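Per-chain numbering from 1; labels A, B, C, D and E assigned in written order.
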Amino acid sequence: MEQLFFIIFAGIALIGAVNLLLRRNPLYAALSLLTTMAALTGLYIMLKAYFIAVIQVMIYAGAIVVLFLFVIMLFNIRVVERQTDRRGYLKWLALPFAIILIGQFVYIARLFEGNPTPVGTEVGLTEMVGRKLFTAYLLPFEVTSILILAAIIGAVVLAQKE
Amino acid sequence: MEFVIHHLLTVIVFMPTVGVVILLLHRLFGGKSEALMRWIALWVAVITFILSLPLIAGFDRLHPGMQFVERVPWIRSFGLNVDYYLGIDGLSLWLIILTTVLTVVSILSGWRVIEHHVREFLIFMLLLETGVLGVFVSLDMFLFYLFWEIMLVPMYFLIGVWGAERRIYAAIKFIIYTMAGSVLMLVAIISLYYLNAQATGQPTFDLVRITENLRTGILHLDPRVEFWLFLGFALAFFVKVPLFPLHTWLPDAHVEAPTAGSVMLAGVLLKMGTYGLLRFNLPMFPHAAAELTTPICVLAIIGIIYGALVAMVQPDLKKLVAYSSVSHMGFVVLGTFAHTEQALHGAIFQMLSHGLATGGLFLAVGVIYERRHTRLIAEFGGLGQSMPVYTGMVGILALASIGLPLLSGFVGEFLVLVGTFTSPIEHARAFTALAATGMILSAAYILWMFQRVFFGEITHPENATLPDVNGREKATLLPTVALVIVLGVVPNWFMRKMDMTVLALERRMAGVAEIHQPRRELSDQRVSASTALVNGQSVTEEVTADGNGTLGN
Amino acid sequence: MVPMSWYLALGAVLFTIGAISVIVKRDILSMLLAIELMLNSVNLTLVTFSSYFQELSGQILVFFVMVVAAAEAGVGLAIVVLLFRNRQTVDVDQASMLKL
Amino acid sequence: MDIALEAAIKTAIILFIVLTFLAYLVLFERKILGWIQLRVGPNRVGPWGLLQPLADLLKFIAKEDVTPNTPNKVLFALAPALALVPPLMALAVIPFGSTVELLGRKIALQITDINVGLLYVFALGSLEVYGIILAGWSSNSKYSLLGGLRSAAQMISYELALTLSVAGVLIQAGTLSLSEIVRVQSGYYFGVIPRWHVFWYQPLGFIIFFIAAVAETNRVPFDLPEAESELVAGYHTEYSSIKFAMFFVGEYAAMFVVSALATTLFLGGWTGPGAERVPLLGVLYFSLKTGFFLFVYIWLRGTLPRFRYDQLMQFGWKFLVPMAFVNIFISSALALWR
Amino acid sequence: MGMERLGINYSAVLPEIIMALTGVALMLMEAFWPSRSKRRAGLVALTGLGIALIATLRLWGTPRQTAYAGMIIIDDFRLLFTAIVIIASVLAVFLSWNFLEEERIQPTAYFALLLFCAVGMALLTSSHDLIMVFLGIETVTISTYVLAGYRRDDLRSTEAALKYFILGAFSSAFLLYGIALVYGATRTTNLSAIQTVLNQPLNDAERALMMVGAAMLLIGFGFKVTAVPFHVWTPDVYEGAPTPVTAFLSVGPKAAGFAAFLRVSSLVFGADFDLASAGRALQSDWISAVAVMAILTMTFGNLIAITQTNIKRMLAYSSIAHAGYVLMGIVARDWQAVAFYMIAYTVMNIGAFAVVALIARRGDERVLIEDYSGLGFRQPTLSFPLTVFLISLTGIPGTAGFVGKFWLFKSAWEAGFSMLVIIAVINTVISAYYYLYVVIVMFFREAKREIEPVPLPGAFGFTLAVTVLGTFYLGLLPTRVFSYLNQAQTAIAHLIH
């Protein structure tokens, strides 16, 4: 049962990712990414990481991809028509590169097959995450505020009209 | 005054820098008078020269070690034990004097010629002097390297700014060649430092100490390591000398440099190479030196003959003199690697002689270049009629360069030849014969040049009205002329000061067995002779108890 | 029971697809999206480790990754807007006065 | 399996009730607007126009479904569904009342009580914008596109204030589960004043939440995405028939969810006198409170003019968000002090 | 949960706090006390940085300790590199002074971003956990993306920002994946904890994960410190970004990147591992990978730099080459040498860019090397310092560059990487060609067209004076700096064995 769910979600995620790779219109690419993210949310729930699952939807789907769509619409970008050859060779490089990388990773992943420890139950709870975030990870948490502030200022500075 | 006496070397080395500061201050206060700048620079150079004279007087010729020593800790951290460590021995003494003399002469020679950026010219000349003097007096490898490289910068500018048409090419070639050599030396210095620290547990760049450690065997080098270290140092010096295949920067640099630059280059900078060989390669890596003697000597001979042949066909006066440098410096290298006392004496003496004679010849070329703005031999002829005094002076210099007896060149080259002939190295006699050919060739091209320029009819009418040398030009040419004569007449007075140094070098080489194998009897004789001298030396050491050879002695 | 390796393999494959997309895509927006995909695959890997190890710091790291991803998206899109305003294109090759 | 069946039954019932309610909400809106504007409102179909929703439904179904010349028909069709589904899904975690005993089982009047309930609602809320954006883009019309753009910007901006305003409640309640939050608010202070968050500690949070909620649902005075006087009908200009109906219902469903959420978070949800003992009373209280919010929605529509776009943004970023931060600060201080 | 257990220690992050607050204060100033005066904003930024520097130096000598539950570590290494990045930021403020005025850029946001970047850099130097490394890097890069695109109406600047952004984000993803895999192998992100884990044998799966993770980390760091083959963004970004920003980019974030790189390399990979442990195998692989990277970086950087006609691009490639030299220090595991080199490089490179910025003037118009012809004697106030910096970059004795290089070479030699040293010295010769070519153009060529002399504003004059003196000071009298580094060595001797 669980494996079936995994296969479904993973399949959706892969389809989304491949679609992202193949589509030339950024809008469809964004929607493909959205699909992948949705599928990943399902996987997070399977992994009992509820908090992560929810904020995955909130931040990625609710904020980041929307922002992308917003920009795409703002400039009303349609299909990128032109096909240049300049990066053509990269495509041929990419294929073996991909095979090597994937093979390597899958090999490593397979090494883990021996020990299917049960998925944790306690760990994913919001309360636990919150507790840890404000104790052990207090400093990184505070640092993110600087990071976001810098990003906000930066984005405003760059995108504002004179 | 007390300070000057106790820090004489420091004062000499940095006197020109003081001149630089004065010139900068002069600018800062809005001084515009070029004449004043020239006078400032000249006086600074003259004062430096005068300050260097007490070195001769105070030099204790029987003292085998370093004299006028100054030593202050400089960088002390992380085992980087760098000292500000100065001192001279018989090898560096005369080179310092040569430098101070030639600087005065060079500044004088640029008096009228250099018209733009006078201040900068003088600043670079003085900086160059500091750099060169620093190289000759540094006894710390780090310090040595510092001066060695610093000296490149002013020379680079002297060629690049005040040179002739292809000056940029020449300047780049000069600096790339020299740097390529010297960074390898840096690697060698680092590794030597590291090996010494490993062996003795005392990290130091102290040149004297390391040499001593190597001699006594406290620091023992693996033959392969020694070989590479030797090459690391030698390449830097061979480039500077320049030895045959590495010489190609020299004609360009000489031809393009202004007269003053050429004088310094030929007179002093080339000597840094041979100085380095004598200071580092021979005493530190005698086994490698012995092993490499034959190829190096072959290259030196090739340089001698090749330089002479090329000089012979040069239509350009300056190029001719430049190639003659290649040839003459070959003698120095040959003498250095012949491993006999006479040859070493000859090599050192030849360094001085060549510095003066070739420097003088470059000055001489500068004189007519100023008048005619050409250096082609074909443009001249019959100058003897219009410029008799000039002709006389050039004649002496040219003969000195050829090696006419009673002039300086003779002493050096003759000693080298004799030394090589008696040398225990393989093919010593063949080398001697070939080198002697070089001497003959040099007589040929110099005399031929002299004849074409000074004798015969005046073929170009403008040469007929050329004014003879004026007072300033006389002032530049006279010291060199006078000195080549003095050197030729009383060579012993100069050589005496080097004796102990040369002896020490010779003994160091003598300690290396393999070169002596072909002629064991001879080497035995020498060893006994050396022992006798050593005994005498120990006596003198007691006499000069404080051992520092300061002015007080 | 889903073995851990399945998740890890999925993460690796997604990462690779993302990396390749960044390389072959020509318009900036798609490149940015592909980078987001890469970050997502990292997140999946981290959550997997975290859940199987019963150790929370992986999930905390995911949280930070999301924050950073949001910040990066903001700045990146601002740059895209600026570029579009200056040059009316989002094609990377077009936007290439500077040599690559 | 029992639990799944129970959830399915509850889902069906709640969907039926809420959708019917929404249909009548439209009627009420028209009626109330009519009264505000001193006219009668719909009164032809059935007594007092009570059958009007049915007639509307028939009309929607019967009308021709026009699809414009669009670059992507799939997205065009998908957009209304994307607008409708999230609010309906959000209903799953809203507690409509306390527990009832039926056939010997305790049944909570809430489809499911997950421990990240509030975040779940927000997550779904953040998805709602997709319907509008995709509608705007795939309609291939400038009005739609502008509407979509405005909507995206507006919803992202106000989502921030909305989320932040709730942080105060979370600090007070210490949980993300909606039923827990309701339970925290039961009881009275001084015997008379209910322990609702709107009275205790969170009045500022409540105001911010409600304003932001109105903006999130694209309602007057924040209805710029569909501003009929500027953009014809905004993002759904090109939609007709049942697709339009889905947008329509989606908007009202969102209104309902937001109101229910406001009730739950700030007005004590289903709590009230006697609600513990008689669960249906709780449902009544809940409906009344939610109805009040819905009435306010309509009331606002009847009375307020529309914001200008820059005013909207300024208000959101320069007033609501800072105030939300102030609220968080006050709440934290209070929590520490207590 | 007491303060002690969390390890809250405000004084440990005091420099960061001060700089962050200054940045916020600048933004608030803009809101409540608006003015386009660069002077006021600049002074505030300088004050903040100055106080932060004092706070950093006051921590000198405190015993080595971790804080915030092991997230950061306070030791002399951190203090030293923090001081370097703050000094780089201070110099960058001076450099930006004129740029802001000429381009009519609103100064507060600019300085605020600079300060936030400084916060990120300072955190990076102190991070003791991969999470902090990641966040520090991101704080730095996000600020610098914006700074690189700050000349908003100039396409070059925008494209520079874009390229920087895409490749930066791309590399961050690799870094992150590396962190994830390392976490998967060791079940922790804390550097000491990782070291402990590595000191035991790992199973196959974990070892494989660790290997790939380490490789990914290397890629990520390679991008950040502009090591070949991950350097592709550097020339474009350095060319396109406003010159003061380029100056800052080439020293500040780079120093911070090296600090983090060194920290990760030395703490995780540089310790003395047991023979059987997983760390031992990893260590040798890591070191040889970095060594190869160092060779490629310096050789490639120098060779390409020769062909450049734009001085900013030339300095960009030179900066790549210098990264190669610094990588030697990482290979040799001599962090003091790296620290000294970064100090020296900061001083001389900022100085060089100051002159370039001044000559380029408004809109970065005069950036070709040809534009420098005839500058030499016409404006010695500019040409003389530039010559000094170029000579120092070449590594001629008497200057900071030489001492730094010398030390690096010596360390590498002692660590047994003699081949690396020889390649490095050959590279030094190559570099002499293009550095001195600029000198040639300045002094040996006549000006192609008449150019009006560039005025030398006070801020630049100050910067140039400081950097020239610093170059000579570090080159001739480095003993004092050495002795500080020496003290530091004893304090954290166990960082590198």
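Definition applied: contacts are C-beta pairs under 8 Å (C-beta built on N, C-alpha and C of every residue); 3 or more make two chains touch, one makes a residue touch a chain.
Since the structure is predicted, the reported quantities are computational estimates derived from the model, not experimental observations.
**Student:** Taking contact as defined at the start, I'd like the list of chains shared as neighbours by chain B and chain C.
**Tutor:** Common contact partners of chain B and chain C, which must touch each of the two, are E.
**Student:** Considering only chains that satisfy the touch condition with chain A, which of them also satisfy it with chain E?
**Tutor:** C
**Student:** Note down the smallest number of touching-chain steps it takes to go from chain B to chain D.
**Tutor:** 3
**Student:** Name the chain whose C-alpha centroid is farthest from the C-alpha centroid of chain E.
**Tutor:** Using the mean of the C-alpha atoms as each chain's centre, the farthest one from chain E is D.
**Student:** Of all chain pairs, which one counts the most C-beta contacts?
**Tutor:** A-C
**Student:** Comparing chain centres built from Cα atoms against the global Cα centre, which chain wins on proximity?
**Tutor:** The most central chain here turns out to be E.
**Student:** Compared with chain C, which chain's mean CA position is the farthest off?
**Tutor:** Here the answer is chain B, farthest from chain C.
**Student:** Using mean CA coordinates as chain centres, what's the gap between chain A and chain C in Å?
**Tutor:** 6
**Student:** List the centre-to-centre spacing of chain D and chain E in whole Å, with centres computed as mean CA coordinates.
**Tutor:** Comparing mean C-alpha positions, chain E is 52 Å from chain D.
**Student:** When the centre of a chain is set as the mean of its C-alpha atoms, what distance in Å lies between chain C and chain E?
**Tutor:** 26
**Student:** Averaging only over C-alpha atoms, locate the centres of chain C and chain D and give their separation in whole Å.
**Tutor:** 33
**Student:** Hey, what residues on chain C touch two or more of the other chains?
**Tutor:** In chain C, the residues touching two or more other chains are 8, 15, 18-19, 32, 53, 55, 57, 60, 64, 68, 71-72, 75, 78-80, 82.
**Student:** Just spell out which pairs of chains touch, all of them.
**Tutor:** Every touching chain pair, ordered by label, is A-C, A-D, A-E, B-E, C-E.
**Student:** Please name which positions on chain B make contact with chain E in the complex.
**Tutor:** That would be residues 74-78, 80, 116-117, 120, 142, 145-150, 152-153, 156-157, 160-161, 167-168, 171-172, 175-176, 179-180, 183-184, 186-187, 190-191, 193-194 of chain B.
**Student:** Can you name the residues of chain C that touch chain E in the complex?
**Tutor:** On the chain C side, the touching residues are 8, 15, 18-19, 22, 28, 31-32, 35, 38-39, 41-42, 45-46, 49, 53, 55, 57-58, 60-61, 64-65, 68, 71-72, 75-76, 78-80, 82-83, 86-87, 92, 95-100.
**Student:** Report the residues of chain E in contact with chain C in the complex, numbered from low to high.
**Tutor:** Those residues of chain E that touch chain C are 131, 134-135, 138, 142, 145-146, 149, 152-156, 158-163, 165-166, 169-170, 172-174, 176-177, 179-181, 183-184, 187-189, 232, 235-236, 239-240.
**Student:** Would you pull the chain D residues touching chain A in the complex into a rising list?
**Tutor:** 71, 75, 114-116, 119-120, 122-127, 129-130, 133, 136-137, 145, 148-149, 152-153, 155-156, 159, 176
**Student:** Give the list of chain A residues in touch with chain D in this complex.
**Tutor:** Counting only chain A, the residues touching chain D are 27, 31, 34, 50-51, 54-55, 57-58, 61-63, 66-67, 69-70, 72-74, 76, 78, 125-126.
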